[in-house]
Every structure is written in C-alpha cells, then in structure tokens.
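Chains: A, B and C, in written order; residue numbering restarts at 1 for each.
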Amino acid sequence: MSDLSPETVLRVDDLSIVYRTDRGDVRATNNVSFDLKRGEAMALIGESGSGKTTISLALIRKLPKNAVVTNGHILYQHKNKVQDVLGLSRRQLRGFRWNDCAMVFQGAQNAFNPVLKIRKQFEDTARAHGWTDKDAIRKRALSLLELVRLDPERVYESFPHELSGGMKQRTLLALGVLLNPQVVILDEPTTALDILTQRAIIDVLNDMQRQLLFSIIFISHDLSLAAEMADTVATVYAGEIVEIGGVDDIFYRSLHPYTYGLLTSVPTLDHAQDVLQSIPGSPPNLIAPPSGCKFHPRCSFASDQCQVEGPLLELGRETHLAACWHKDRLLASRKEVV
Amino acid sequence: MAGSPLLEALVSLPLDLLRGLVRFLRRLSTNKPGFVGFLGLLLYFFATFIMPGSVEFDNEPKLDQITGPIGSRIQLAVHRDNPQWDSLEALAGRTVGVVDQTGGPSFIEPYKEQFTVETYRWTSRRQGPGILAALTDLANQEIDALLIFSKTVSQVIDKQEDEELRGRFQDHILISNPSLGQPHLLGTDTQGRDIASHMVHGGQILILTALIGGVIGTLIALFFGSLSALVGGFIDKFFTALANLFLAIPQFILLVVLAGTIRFDSTLYLGVIIGFLIWPALLRAIRAQVLSLRERDFVEAARSLGLSMNHIIFREILPNMSSYVLINLIFSITIAMYFQIGLVVLGLAPISDYTWGVMIYFGRSRGTLYNQDGATMALAPVLAIALFQVCLVLFARAVEEVFDPRLRSAA
Amino acid sequence: MLNDQQPLATNRQLPATNMSLMAAQLYDSLLKIYRNYTVRVFLQAIITIWAVMTLTFVLVRLMPGNPVDVLVEQILTNEGISYQEAYERVAASFNIDSDATPLDQYFQWLGDLLRLDLGISITSPGTKVIDEIARFLPWTVFAVGSGLLISFVLGIFAGMPMAYYRGSKLDHILSFFSSFSTGVPNYIWGLLIIIVPGIAWRWFDIGALRGTYDAGLTPGLNAEFILSALEHAALPVFTYVIAILGTWMLSMKSSTTGVLNEDYVNVAEARGLKERTVISSYVGRNAALPLFTQLTISIGFVLSSGVVVEEIFVYWGIGHHLFQSITVRDYTSLQGVVLLLTAAIVFSNLFADLTYGLLDPRVRVSGEK
C-alpha cells in the first residue's frame, strides 16, 4: 500500500462494484485501476450507462444502497498519509467528503437547498468540517465566488432560486473548492447548460485549477470538453477501463476501436471529419455481459479470439494502455484515413 | 351466422371479467395490507348482506336478560327463603332493588307501578358500598329481590373480605335463576335482545347508505369535474368557484343543521343528501387529474391523430382514470360513513332502521355505554364500524399503490 | 462578454445596462403579481363569506317554512298574543327591522354582522349570540388547537423515519397504524376511549370529566383551575390527536420521500454535513413546508368536525353549543355558529395563502405556489 509515489493523490486498485437488483446482479464496474496525480486532470469518457458515474460515486462512497464493492481498494494520499477510502469509518468518511474529495454533481439546478441562502449553505459545509470563524468562511467564500466570476456579495446573500442555471453551476464549483480539496470530481459539469455558459464554466475551471492546484476527475460524454480540459483520458466501456493514456495519445492515436468509434461519432472543432459514424449496436447488458471482449459484438475488428478471450489492459506505447487484441490493425487502418 | 358475434360476446364477456378479476386479485395480493382489507370487505359483505337471510333479527324484548356482559345474563337475586320468586311476575307487589348504574333501572321502567323500587348507587370502583348495602338489605329481607348481573354479584359475594358478611350473603342469598334463557354471543341489550343478531342486521343499510352517498358524490364530481377540465373557460371557472364556495361551508355542520331542521325519514334518503354534500373536494381532485391527463403525451398524440373528443374522453382519459376514480370513490364512501353515523350518534338521523349507528345511539342514551357490563351493546357496533372503515382505507391504499400509474412510475 | 456579470433575478440596485433594465421590469411585474395575488385571495375570501351570509339570510327569512315564520307560529299558539307582537319579538331576536323592506333588512343585517352583532338567542332571551359564542369557542379552539399541534409534531417525527426506512417493518407498522388513524372516525375513537380504558378498565371516571372544568372553580389564572381544565380537555385532545395523526404521518412520509430524491440532499451528504444537519435543515425543513399549508387549512375543518366528539365527551365547546342549539331550535345561535365556522374556514385558507411565502423563499418573489 505504501508503494504510492509521492505525487499520486488517488489510486483506484482493481475496483469491482455490483448492483444487486431483482433481475440479477449488474456488474457496473469490473477490475478498474488507475492513478491520479497531484494537479492532474483526468477525463472518464464513455456512453451513458458505461459505469463512469459508478466509479466516481465510489470515490466518495456515495453509491446507491443496492451497490456492493466486491473487490479492490481506493487509496488516498495526503501529507504522506495513505488511507483506504473504502475502509473509512462513518466519521472519517464524513471528514473525507468535500474536505479531501469534493464532487460537483450534474444538474446543479437542484444542488442547493431551496430554503437556505447560499451563505448558509457555505457556512454549513465549512462548519461541518471544523471551521468556526464566520468571517473567515465569508472571506474564503467571497474570494471563490469572485474566482468563478460572480458578483460575490450579491450571490452570497441570495436564495438559490434567485440565481440562473449557469450561476448555480458556478456557485457549486466555488462551493466544491471551498475546503481546498485535493480531488474534485466533476460529473457532467456542463451538460444542462447552453453553449455560452458551458464555455464560461470551462474557462473558470481552467483558471481555478491553475490557482488552486487540485486534481480533477472529470466525467463527460462531451469529448471536446475532455480534449480541452484533461491531461489524461480513460475510456470506460461496460464497466471496464478499455483505454487510458495522455490526451493527445487518445485523441490522435487511439488504440481501442471503441474510443475510436466515440471519436468518429462526434463532430469536433479540433480535428475536422468528413464522415460521422455512429457505433453500431447498443451498450451491453451488464447482468449477462458478452463473453470475451465485451465490445466484440459491436466491433468491426472483432475476430474469433475476441469472442473467447477478454484482452487485458496492456501497454501500447509509453504511458498509453489499451485492452484490445487488434491495436495494430486499428492503428494501421487509421493511418490510411488520416 | 348472424347471431354468432353476439353469442361470442356473451361467452367472452364473463370470461374477460373473470380474467380481469383474477388479474386484479393477483396484483392486489402483492400488497399484504390491501389484500387483508379486501378480504375484510368481502367478509363484511357476507356478514351484512348474506347472513341476515339465515339469522333472525331478535326483536322480542326479554325482560329477564338485559344488557349482560358477553355470554352472561342478567339475573335476579332473591332470599333463600323465597325461591319461588323466580320471575318478575311472581314479584308483583314486592320491593325490588336495582343498582342504578346497571341495566336494572331501564329494565324495570315499564314495571315501576307493580313494584316498590329501591335504588342503590354503585359508588366505588368495583365493590362499592352501594352494592354491599343492597346485598345486605337483601340478606336482611329488607328488600325482596335484587336485579343485577349475576357474574358481578357472585364476584362481590365470593370475594368479600369481611367473613361474617360473606357468610351471611352465602347463607341467605340465592342468585341463580335456572329459568333464564341461553347465553348470547355478544350479550343482550337494554331490552334483553340478542346483540349478535342486531350486528348481523345492522350493517346493510349503513353500508348501502354510504355507498349511495359515495357513488352520487363521485358521479357528480366525475361529471362536472371532467366537464370543467375538458371544456374550460366559463364553465370551468363557474364550477371551480362553486366548489370553492361549498368547501368554505363546513359540510358536516351543514348536514347537522339540515338534519336538525328537516328531519329525514329514511336512511337511504340521507345517503342521497350526503352525496350532494361531499362532491366539492372530489370535483377539484378529479378536475386536476383530468387536466394533467389532458396534457399527457398519449392524449396529445390521439388529438394530433385527429381522433374525436368522444374517443379521447372514453378511450384515452377515462380508462386511465379508473383507478383514480375508484380510490376517490372508496374515500368518499368512508366520508359518507363518517357523516351518517355522526348524525345517528347525535340522534339527528332516523332511528327507525336498527343500524349499528342506532345501537350506539341507544347505548349512549340508555346509559349502557357507561356500564362496565353492558358496554358490548355499544362496543360491538363501534368496533364493526371502525374495522369496516379500516378495511376500506387499506383497500384504497392498496389500489393506489398497485394500480395508480402515477405512483407506480414514481416508485 | 461571455463572462459578464449576469444580474440577479431580484435586483434592487440596478445599473443602467440593457439586461438590468429587463430585470427591473421583470421585478416590477412580479411585484405587481404579488400584490395582485394578495388582493385576489383577500377578495375571494370576502366574496365567499358574503355569499354564505347572503345564503343564510335567504334561508332563514325568505324560504317557505323559514325559522322566522315557524317561531312566530309557535309563539302564537303558545301564548295567544297578536301576530304583530309575536313577529316583533322574533324579529328582535334576529335583528330584523320589521317595518323595512326585505332589501333594507338585508343591508341592515349585513351591517350588523360587520359589527359582529349576530342577534339575540331565542331560547335564552337577553343573551347575545356573540356572547354565547365567545363563551364556548375558546374551549374548542383550545382543544382542537392542541390536538392539531400535537398530532402535527408527532406526525412529522413519525413520518420521516417511515420515508427513510421505506419498506421496513417500522414503515409497515406505522403505515398500518395510520390506516387505523385515518379510517376510524374521530367520534368512534372517542367512543372506544370511553368504553375500553374508561368503562372496562376504569382508568378514569368519565362522568367526572364532563364539561370544561370542575364545577365550583372560578376561571382564572390559578393552578387548580388550569389543572382542572387540562384534565377535562385531555380526552378530547387525545381523540383529536389519534384521529388526525395518521394523515400527518402519511403526508410527511410522501413529502419526505420526494425530498429524499432531490439532488440537494444527495449533495448535502456528499458535502460531509453532519447527519443531524441534513435531516433537520435539508430534508425535514423542505419536507415539512407543504404540511404547514395543510395545517393552516385544516384548522377550520377540524373546528367543525369536533361536534360529535364534544357531544360524546360532553365537552362544552362550540360543537356542543351548536348541538344544543339544534335540539332546542335556537335558530339565531345556529346561524351565528355556522357563520362563525364558515368564517374560520375561509380565514384559515386565507391565512395559509398569505403565510406560505414567509416559509418558502421561492414564493416570496413570485407570489405563486
């Protein structure tokens, strides 16, 4: 457990999570592993229902009641102290949440208690983590609200319904970093917003990360956002990380047909495409997933081997890992296109 | 053959109904309390609509059996010297003691002229000096007979701590009266009539009245509520305002005042009046439901397909409201029940039909309610009404949970 | 440009930018709606009361077989005085100026009502109806009010765990109880309380608990009187509590269930707030909000549903008074009580409409629910 390098802030190690349902066990996360470095921004991309949100919820142990972690560890390192998030007591967990790892949920529209002023909700949060000085809280909150480019005094004394959607999202971002967490999880931070507000939020995020130096785990199916924000990108399919690597590696030299499919199904400004293709078929049933490589029924590269044997996440090139038997064929075919 | 579609319909309709019923029961059985409620209602139906055919209404006053506790009889205590005084007739011209907090006084009322009546108060909790005084007087032959509940009297005598007194009672007092009738399941009322038979016969009219009230109220609300929601405009405004105006008048009070001034002559007629009183709240609920259904996608789709209003109302909206209407109907039946029995208990409704409500009314007005040994006369109907209402509510809740699509999708 | 300050929806100090101008207009129109809303609910309340008063006037005076004629008839047969004399006497009780036209009578009667002059009791001549009401009403308000408040608080505390542990044994037991509580009429609860603990177990002497306080005590702020009043009110209050509790439990359960699914509760937990804080100021506060409206609305209804309960316990409140007035056909008292209870319902609705904004900040601005 102590083999964590000093700059690693979070390590997910062989994590598996199952949802117990009436129709059977849903294997939402399978043997997921990754490291998050200090100051790094990692994007988890994938279709809806691929298990991105399950992974992120597990990080703050906010999984639904019917979820069971069947395997793995989540190690968190701060000030040379390593602790397993899954082993925290209720009390420790309460302290860990938001203070060490904050999560900005999707749909900030309803993230604030409608009957409390924003000020009260900032104070609640700070006080729950041992802050007592109201003025200190106020000072910190105002500076953060300023950082997210809001009128601090006015927003601080507002009720949530008096703020617009974009303002609420930014307020939530400010609240997210109130306690100076090491890790901030952003779950679809821009989905419900119009394009201009999205833009503003991204700028704010970039600014904030530069100034406050926290790590980001970023969940999105918006690939352009991921391309812009992330240092590292992990592709999640059927509860598994099928590819992980630096942002340029993933976007320009992807080694997994699924990632490639995602990229070609979205028009991006970064690299123009003539033909938009969607991935055929639909996401697999996680109660009874396909044999072998779970992507094989939808994959144009699939061979007999893929149906029988699931590929492991292996090093493709430098720090770029992918779980595919046909990395080379994919790379070769891409070269023809590009 | 020309007749075959009709024949087919005749065969298939009951089959369809049966299949629907089976499906209904199967879905209902997933909700345990609801199923219990449903079974309870079936039981009530059986007890109040079928059983009266085989159980006779006991309408014959039996003067030797008044308001007894469960399974017991009121009995006569006499001095051992005079065992021949075993009936009221035989006691004519004698002095008869009664304890005023038992059924005795009302029992003896019609005979007051034939006896000299000595009244005792039952003062303390169980064996007050009143009863002791009465027994002592009897033992000393100062009175000739004592009219009281046998069970209690034997207890008073057997548990008497003063040995001398106990001995005197045991030596001189005879409290058995073998010529009395059989014990009754729920005891007897102030006229010695079997309460159990009244229980069997006393529910039918109540339930019918509540049903009439509930159905009329629901029909009015359904018709005008849907009308205002579907037509809108002035009609909608008018009925909403009317419902609000009526809601502002306390409906039960209105009913009480009406009953106090008009005097209804039939219980069923009372149901009609209740039906005309309870519609406003229902109308608002049904109007809201129709409005929300009207905005639903499938209704929109039907409208854009150019289907007629009739089709939309009878094929799209009403079927989707059936469970909602059923729930409202059940709840209005409980309200109608509340209204009518409330009136009866106050003595403002007709008491010509001997219903559970009337039993409570008599239990109160004749004082048996306040008598430890005679309380069954009121307790039995009180429990019957309470459990009936509970069954209705449990059933309605189950229908709400199992069949209301709005709740199902939210769960 | 993109990151320009967006004005708040309610902006008091408005910079003269285009966007702020729109916001200012929005604020003004919202304020107008709010004012209109207040005016609207007030008007509705007044119109309702006026309609009921008029209805009463018509029923009492103009309908064939109305109480005035009936009473005049009665006095005529009993006392053998002239019709004019009998009519004058009845008219005096009802506050009718017998010389005036019906329309004048109507307006005069309305004016009297506005001055809370409800006429004189027919059966106890010389007693003003309003004085009688003032004598009986406080007891009902006391008993019903305590019953309502106690059941409300209990219901909130019982309803929340029902939602938190949905489907558990606790939920099933409490749900079952609430079916009993709501299904069984309040007077049936009253009778059960009298028969079982009162008569069968002799826990209390029901006969001694008649009335609103022990005879012989002088009302006032002395311990003996207050204790006696509490003792006499205990059974009716308990009856109200047990009969209303289920409704609050179920309302609170469904309201809490809804709130538990809200994002802000989830976020509050993720923020590492103390469980106590989440339960009280996030879940509880939001879930209880709609119940306050129900509470204010139900005041009027419960006041009037206590008639039978008061009669059963012989508790001398307004319901008992109403029933007595019916049995002796004291029409002026009857009219007074009905008008008063109607007014209570209308005003409790009005109160609910106007105070909801104080509890829910979202309504403060728009004035809409």
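Note that a residue touches a chain if its C-beta (ideal position, glycine included) is under 8 Å from a C-beta of that chain, and two chains touch if they have at least 3 such contacts.
Quick caveat: nothing in here was measured; it's all calculated off a predicted structure.
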| item | value |
| --- | --- |
| By mean Cα position, the chain sitting nearest the middle | C |
| Which of A-C and B-C has more C-beta contact pairs | B-C |
| Gap in Å, rounded to a whole number, between the CA centres of chain B and chain A | 63 |
| Separation of chain B from chain C, taking each centre as the mean of its C-alpha atoms, in whole Å | 28 |
| Chain A and chain C: spacing of chain centres that average the CA atoms, whole Å | 53 |
| Where chain A touches two or more other chains, by residue | none |
| Contact set on chain A toward chain C in their complex | 60, 62, 93-99, 102-103, 105, 107, 109-116, 124-125, 128-129, 149-151, 154-155, 158-159, 161-164, 166-167, 172, 175, 196, 199-200, 203-204 |
| Contact footprint of chain B on chain C as seen in their complex | 44, 48-49, 51-52, 67, 172, 175-176, 179-180, 182-185, 187-188, 191-192, 194-196, 199-200, 202, 206-207, 300-301, 303-305, 307-308, 311-312, 322-323, 326-327, 329, 334, 337-338, 341-342, 345-346, 349 |
| Touch list for chain C against partner chain A, complex | 2-3, 5-6, 8-10, 262-264, 266-274, 277, 281-282, 285-286, 289, 359-362, 365 |
| Residues of chain B that touch chain C when the two form their complex | 33, 125-126, 244-245, 247-250, 252-254, 256-257, 260-261, 334, 337-338, 341-342, 345-346, 348, 360, 364, 369-372, 375, 378-379, 382-383, 385-386, 389-394, 397 |
